[in-house]
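These are the structures in question, set out in turn.
Shared between the two complexes below is subunit A, which has subunit B as its partner in the first and subunit C in the second.
And now, the complex of A and B:
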């Protein structure tokens, strides 16, 4: 049983986590990893396991001491109020930019794959109005929705990757030697930057129950994600080769287009697009909830419901303004957002943990 | 600028609905944050719709970080 009616369990939060990382993992990681890791790129998710495990252990230690507080309150307690508030404000900006970024990626993918003649503004309005409607309810509704959607998305994803596996050419993923260690580490920045959204979700920690199961369930989740990403990279790079993958905007979609079952069932990329639409809906809704929850603690608000509609309008205008075109959006994502993700997802939690240990707060 | 005017009209509609709820509940801080968001939308929207180059967040950061 849940502790309170408006709380969600760690399992539900991890369902949201799997959905929200799956979409950016499929979009960004193949081309990013192939650019730096070449034929050894498929090993890069294994390196990303380490920073994510560090964050899991940090959060587990923090929640042994802080059982009911939100992450924003924890920051303020450990790092003093002014410093904590400043860092939490930076997290608010980060999650707002991420929301606009993923909203734009969502519509760019739709117009770039199956609806090339429709103005992307239509899709932004359509998606955001659906999210605004869904957010009239509580976080628990999104959490339960994620519990239903996550297995569907994961089965679809597994099905598509399995169909790709027989088409792999071994010469595109082998040989691998010790000279690939540095390229693999460089390539792992992409997947690490995305796995580390894990920390951002814990700004909902005040709405979380069963925190004692956090470490065990999180480790299991991250292992599942790492294995899935590795198999996906083997399938994509094995099929297309690293030099083609790094030049392709959405390699997964291009790879899926090549699937043919007994020469009769073809063009099943619409399955991948449907999966993405579902994942992006949860991703954007979850990021809006996280941002508003950060704002609630940061500004000491009593009720965030009246701010939801105007915040969604703000996201709409930021989605329009985040980039002039897709090339600009990809450059921004690759060169700016990935390093920022590593700072906010790994570096700041490590500083928080070290400060907590020094001040004997953890 | 028609698109901008439509956004401003939507903003006014949202304000009528949500500010009413905020005032009824006497939520002072929520009103300040609501006003800040509204001001940001009006200013940023104006910059974007008048084709100000630096209204694009990516252009600004890409120029500072990537092309420096």
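And now, the complex of A and C:
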């Protein structure tokens, strides 16, 4: 049983985590990994396992001491109030930019794949209105929704990848030698940057129960994600070759468009698009909840509900202004957001952990 | 009550969006779409590109008498400086809007292929409606549009004819399919030359009732490219030579002569090719090993060939035929310095560390590679009768 009615379990949080990383993993990782890792790119998720495991161990250590506090409060306690507040404010900015980024990616994907002549503002308004409506309730609603949606998305994703596997060519994913170690590590920055959203979700730690199960369930989750990403990369790069994947903005969709089951069942990319829309809905909703929860601590608010619609309006404006076009968006995502993700998802948690150990707070 | 009003409003709004032509300008009704199955690219007038779209004419697919009606092609052409301009020009006069999501075949004329095909493939690989599993063909000896227009298809839609030819060609193993995705991947590799299957107008059919001459289509081999330009064709046995090396043999006929010079037809049942590259003291060599199984399907003499010596003799003959086919096409490749087999990828696979050095000098190394062709053939059986009819008289 959950301790409080508005709390969610670690399992529910990890369901949200799987959904929110799946969408950017499918979009960004194949082309990013192919760019740096070439034919060996499919091994890059295995490297990303290490930083994610480090963060899992850090959080597990922190939550052994801080059982009910939010991550913002933990920052303030360990790193002193001014420094902690400043870092938490940076996290607020990061999650806000991420929300706008993913909102824009969501609509760009729709207009770039199946609705090229539709004004993307229509999709932004449509999606944000639905999210605003869903967020009128509580985090628990999104958590329960994720519990239902996650298996559906995962089964659909698995089904599509399974259909791609028979079409792969071995010469596109081989050979692998020691000369590929550096390229694989470089390629792993993409998947690491996304897996490390894990830390961001723990700004909801005050709404989390059963934290004692955190380590075990998180390790299992990340292993599932790494295996899934690896198989997806084998399927996509194996089918199209790294040189083509590197140049393709949405390689998963292009690969799925090639699926043909006994020359009868074809054109099933709409399944992938539907899966993406569902995942993006949860992703944007979860990021808005995280941002508002940070804002709650940051501005010492009792209730964040009155802020919600104003914040969604801010996201709408940011979504429009974050990039002029898709090319700018991709460059911003690849060259700016990935390093920032690594800083906020891995480096700062490590600094927090080290400071906590030095100050004997953990 | 408030929730009910909200839900009703949302449902009504969603229903209204389906007819929202201002927001969804690309929206198209199914009966207003032309589902393009074959896209033909030719040279137009004044250095223009001529694009011909072919779809199945659905209006002729039903008949009142209940008999199966002939399914004819519906062709429409236009020209432009670029592919997009040419295809959009169609919108000015086409009675239906083209939809390219079902394009199965991309036919490129010889003239275009000689000048370079990448600029045409860019459009079909970039546009959101196309699929990368469309098959590419080079039209040998005529324009691509004339091939789809002047072809006798016995009432069968041209797209279905091409599909049937693809299915049938496995019985000859003188061609295979190359998808857009495969072509893009190979064109990305500067050291590998591409081969794309070629089709041509074949036997002319003259019928008094027909207003114009009609032809059968045939797939006879491959068009070989240097970079993105067509340099030559390899047809029949030469094309089968490529398939032996590329391990694309499915079936086919090997014609050998018996001890008394009579023809014996052997049917290929299966084949497996392995390429083993080797580097010894800066010399590159390659062993191509083919394991093939055949059955005797026709004996044109009355002699009994089914003794051990007879089978051994046929095996040797068969190995010789296959070896010659492979060596011939290897010679062509090395003389032209065109690695359309992707031999470099075999070296990359075996020598991933020293490959970078090989890659840099591949143009000089490839013509000097020593190929060793080893063929192991096995004749398994014959079919319903063993000794030829008439052999008992002797």
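Here, the second predicted complex is superposed on the first by the 362 of 362 C-alpha atoms of A that agree within 3 Å, B and C clash if a C-alpha of one lies under 4 Å from a C-alpha of the other, contacts with A are read in each partner's own complex, and residues count from 1 in each chain.
Note that contacts are C-beta pairs under 8 Å (C-beta built on N, C-alpha and C of every residue); 3 or more make two chains touch, one makes a residue touch a chain.
For clarity, every value in this text was computed on a predicted model and none was experimentally measured.
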Partner chain(s) touched by A:320 [first = subunit B, second = subunit C, both, neither]: first
Touching partner for A:166 - first (subunit B), second (subunit C), both, neither: neither
Touched partner set for A:239, first subunit B, second subunit C, both or neither: second
Touching partner for A:122 - first (subunit B), second (subunit C), both, neither: second
First (subunit B), second (subunit C), both or neither touched by A:82: neither
Partner chain in contact with A:306 - subunit B first, subunit C second, else both or neither: first
Touching partner for A:336 - first (subunit B), second (subunit C), both, neither: first
Subunit B partner contacts - residues on subunit A that touch it in the complex: 97, 100, 121, 295, 299-307, 309-311, 313-314, 316-318, 320-324, 328-329, 331-332, 335-336
Subunit B - residues contacting subunit A, complex: 3, 7, 10-11, 14-15, 17-19, 21-22, 25, 27, 29-30, 32-34, 37-38, 40-41, 44-45, 47-48, 55-59, 61-62, 65-66
In the complex with subunit C, residue positions of subunit A that touch it: 112-119, 122, 171-172, 174-180, 239-241, 243-244, 254, 257-258, 260, 267
Subunit A-touching residues of subunit C, taken from the complex the two chains share: 23-26, 101-102, 128, 131-133, 179, 181, 184-185, 188-189, 342, 345, 348-350, 352-353
